[in-house]
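Heads up, the next two complexes both have chain A, just with different partners, chain B and then chain C.
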Partner chain A sequence: MKIFVSFIIAALFLLNTAEAQKVFGTRNGQISFSSASDQDVKAVNNEVASRIADNGQITFSLLTKGFKFKLAEMQDHFNDQYVESTKFPRADFKGTLVNLGEVNFSKDGAYKTSVKGDLTLHGVTKNITANGTINIKDGKPSVSCQFILVMKDFNIDAAKVTDKVTVDVSCQYQ
Partner chain B sequence: MKKWLKIVLIIVAVGVVAAGGLIAYVYLKPHRDVSKEQGVQLSAQKIFDAFKTNEADANTKYLDKAIEMTGEVSDVTTNQDGNVVVNFKTNDPLFVINCTFKTNPGQLKPGQTITFKGICTGYIPDANVVINEGVLVK
Partner chain C sequence: MIFSKRLLAVLCLGLITQQGFSQQVDLFKMQDSTNAANAKPVNEPVINTFYSTRLVNSQTVEILSPGSMDLRVSHRFSPVNQGIYDMFGLDLASMRLGFDFGIVKDLMVGIGRTSTSKEYDWFVKYRLMHQKTGAGAPLSIDLLGAMAIKTLDFGPSFPATTSDKTYYTAQVLIASKLNNNTSIQVSPTYNRYNRIIGFTGGGLDMFSIGFLARQKISKRVSINAEYFWQVNRFDNTYDPLSIGVDINTGGHVFQLHFTNSTGMNEHTFIHETTSSWTGKNSGIRWGFNISRIFNIGGKKK
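After this line comes the complex of A and B, so read on.
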C-alpha cells in the first residue's frame, strides 16, 4: 500500500512537472540583417521556425534561401557565393536564456534578457550571445533581440561587400 | 579630328556603356516570378515524405525549384510583413508544409484543398518544409 501511494505521488509529481513546462512555437518568425557599410546588404527572412520553453530553452532554424533582398543580383550572390545555400541550406541556433530567473512567463510584461548558445551557419558552429527583450502578453511570449555577426567567424568570404552584419530577430509565439 | 582623340573617345564610350550595362544588370535584374515557371507537380504529403526519408536527396530534387503542390489547408495566417501564409496538412500532426504567398490569394479556409505554386527553400526537421514567393493555382 505504501509503495502504491508513493507511486501515485511520484506519478502526480511527474505529471505536474510535465504540465509546468510550457513550450511556445512559431513557423513564421522574422530574422533580418543589414550592414552599416553597404545599404544594399539588407535582407529579411519571414519563415523562421522557433521554439521557446519556460525552462529557458530557445531554438531558431531558418533556410538561407528564404532571405529576400531588394536586389535579385545581391540575393543570388548571397546564396551562391557567400553562404552557399545549396551546400548548407539551413542555419540553426540552440541556446538558453541567461537570466531565466528574471523572466516570468505567466506574468505580462517586458523582460530584458540575454540569450546564449550555439549558432550553426555555413557549416560552422560558434557560441554567441545576444541581448534582447521578451514580451509576455496574454500569456504568449514574443522575442526581439539583436547581435553582430562577423562574417569570417563563419568562414564566409564577403570581404568585398561587408565584414559584419547586424542581425535582428523578431518572433511572436503561439 | 585627330586619330588618337577618336580612339580615346571610342574607348571612353565603350567604358561608359559597359559600366551602365553592369549597373543596370545589378540594379534592374528582376526577381524570379514563379507564376511564369512550370512547376514540379506533387502533393503536400509527397514532399513531406521525400524530405523526411532523405533530406539530401529531396534537396537536390526540390530545393530552389518551382513546386506546384496540392493539399489540404490546415490553417491560414499572415507573416510580419503582411503576406498570407498557408500551412498544408501532412499525416504527421506536428508537421506542415509552410507556404507564403507573394500575392493575396483571397479568402481561404482550413479544410479546403488548394493548389499552390512557389519556390521551395528547404526543410526544417520537426517543423516544416518551406515554400515561398507563391501564387494560388486553383
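After this line comes the complex of A and C, so read on.
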C-alpha cells in the first residue's frame, strides 16, 4: 500500500513537471522596417527584448532610439520628429497566438501561425494581427513575421516620406 | 490505517496540482515589470539644438553628420523701403553659394563664394562639448576658424593686394537647448583685418559677441532671432539684427528672414553693416537661406 501511494505521488509529480510552462526569451531580437515607396527608408533594431511562452503569449519590447538607419539625417528626423523618442522611448507589443492548438512547442518543425495583440507606439495602442512562422529546432523556437504598419494609425506624421512601412520581425529564442 | 493513507494521497494530489496551477506565467506582467525596472534616466547627446548649421547669418553649434554634404544657397536683397519700382528690393540681390561637409564625428568644413566683392570663404568647425540630456554636459561648445578673400578688383585707383583683402575669423559658439522648443547661443567672435577698406575707425582686430535664439512654434517651424553686439566698430556701421523663420521639411531647411545686414560671412555681416533698423539710415531687407543635405558618404557609422 505504501509503495502504491508513493508511486501515485511520484507519478503525479512527474505529470506536474511535464505541465510546467515553457518560457523562452531573447534580448537580441531583430525588428526592421522599410518602405516600398522610398528606397532610403530602411532601419534595423537588433536589441529587441522578446519572450514567448507555450501558453501562446508573445511579447516584444524595444527602444525606439535603437533603430539604426543608413542615413544619419533620417535617423535624426525619425527620433526627433516622427516617433519623438524622448517623449516615447519604448515601443511594446503584447499578443497571443491565434492558433495555439496547432503549434507544438515540444516538437521540432515549422508552424504557420498568426498573432493578435496590442502594439503601443508613439503613445498610441492599437490592436494588430500579423502572420508569421514559428520554427522549433532542438526545442528552441524562432519567430519570423511581417506586417504592414500605417504611420497615421499611431499619430506619426511622416507623410512627406512615406505613408506606411513593412515591418519584419525575426527573433531566435533561448 | 488505509483510510488515512488514501486521505494522505488525495491531499498530496491536491497540493501538487495546486502548485502546478500557481506556476502559470503571464508574459504581459513580466514585460511590464521588466520595462519598469529598466526605465532609468538616459544621458545622451542632445540632437537638433537648431534646425541647421546657420541660424540667419551666424553659425550655430550644429555639426553635419559624417558623410553629409549641405548645399546652401543664400540671398540677401536690397532694402524693402526702396519701393515697388525695385520690387521692394528683390531686383538687387547678393548671393552666396556654399558647400558644407561633415568629415568625422564633431567636425565639419565648408566653402562658399559670395557675389558681392566676389568673395571666397572657408571654415572649419569643431564640437568641443556636446550637450547631454542628463548630467555632465549642460552646454554644447564649438570652435570655429574661418578665412575669407575678396577677389574683386577695386580698379587702378585703389590698389590692394590679396593679403589686403584677406580676413580671418575665430569664434567660440556656446549653446544650450533649454527644452524641446527653445535654444539659445552666445558667440564671442574675433575678426582680423589685414587692411580696412571702405571704412574708417575701428581697428585691425575687431571683437563682437553674438546672441542667438530659436523658438519652435510647431514640429517643423521655428522663429529665430540673431544679434551681434560689436565691442569695437567701424564708423557709420550698425550692429546686425535679424529676425527669421525656419521651415524644416525633412530634406530641406528654408530660412526666411528680415535683416539690416548684407553680408553672409562673419566679417561682413558683423562689422560691415551700413543700414540700421530704424532712423534715417534704415534699410531692412529680406533674405533667405536654403539648405539641402545630401548623403555622399555611403554607409554611416
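Operating definition for what follows: the second predicted complex is superposed on the first by the 156 of 174 C-alpha atoms of A that agree within 3 Å, B and C clash if a C-alpha of one lies under 4 Å from a C-alpha of the other, contacts with A are read in each partner's own complex, and residues count from 1 in each chain.
As a convention for this text, a residue touches a chain if its C-beta (ideal position, glycine included) is under 8 Å from a C-beta of that chain, and two chains touch if they have at least 3 such contacts.
Keep in mind the model is a prediction, meaning the values are calculated, not measured.
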- prompt: Which term applies to chain B and chain C once both are placed on chain A by superposition, clash or fit?
  reply: clash
Message: Touch test for A:Ser170: chain B only (first), chain C only (second), both, or neither?
response: first
Field: Contacts of A:Gln81 with chain B and chain C, given as first, second, both or neither
entry: second
Query: Between chain B (first) and chain C (second), which, if any, makes contact with A:Ala110: first, second, both or neither?
result: neither
Message: A:Asn46 in the overlay: touching chain B, chain C, both, or neither? Say first, second, both or neither.
response: first
Message: So in the superposed three-chain picture, is A:Ile148 touching just chain B, just chain C, both, or none of them (first/second/both/neither)?
response: neither
Task: Identify the partner contact of A:Arg27: answer first if only chain B is touched, second if only chain C is, both if each is, neither if none is.
output: first
Message: Contacts for A:Val124 in the overlay, against chain B (first) and chain C (second): which applies, first, second, both or neither?
response: neither
Message: Between chain B and chain C, whom does A:Ile58 touch in the aligned arrangement: first, second, both, or neither?
response: second
Partner chain in contact with A:Gly66 - chain B first, chain C second, else both or neither: first
- prompt: Which of these chain C stretches, 19-27, 37-45, 55-63 or 217-225, gets into chain B when the structures are overlaid?
  reply: 37-45
Statement: chain A residues contacting chain B in one complex and chain C in the other 49, 61, 65, 71-73, 75, 86, 89-90
Statement: Interface with chain B, chain A side, in the complex: residues 25, 27-28, 30, 44, 46-47, 49, 61-63, 65-66, 71-75, 85-86, 89-90, 170, 172
Field: Contact set on chain B toward chain A in their complex
entry: 25-27, 29-32, 59, 63-64, 77, 79-81, 83, 85, 87, 96, 98, 100, 119, 121-125, 127-128, 130, 132
Field: In the complex with chain C, residue positions of chain A that touch it
entry: 1-2, 5, 8-9, 12-13, 16, 19-21, 23, 49, 51-53, 55, 57-59, 61, 65, 68-73, 75-77, 79-81, 86, 89-90, 92, 94, 157, 160-161
Query: Hey, which residues of chain C end up touching chain A in the complex?
result: 2, 5-6, 8-9, 12-13, 16-17, 19-20, 23-28, 30-31, 34-35, 42, 44, 47-48, 65-68, 133, 180, 219-220, 249-250, 293, 295, 299-301
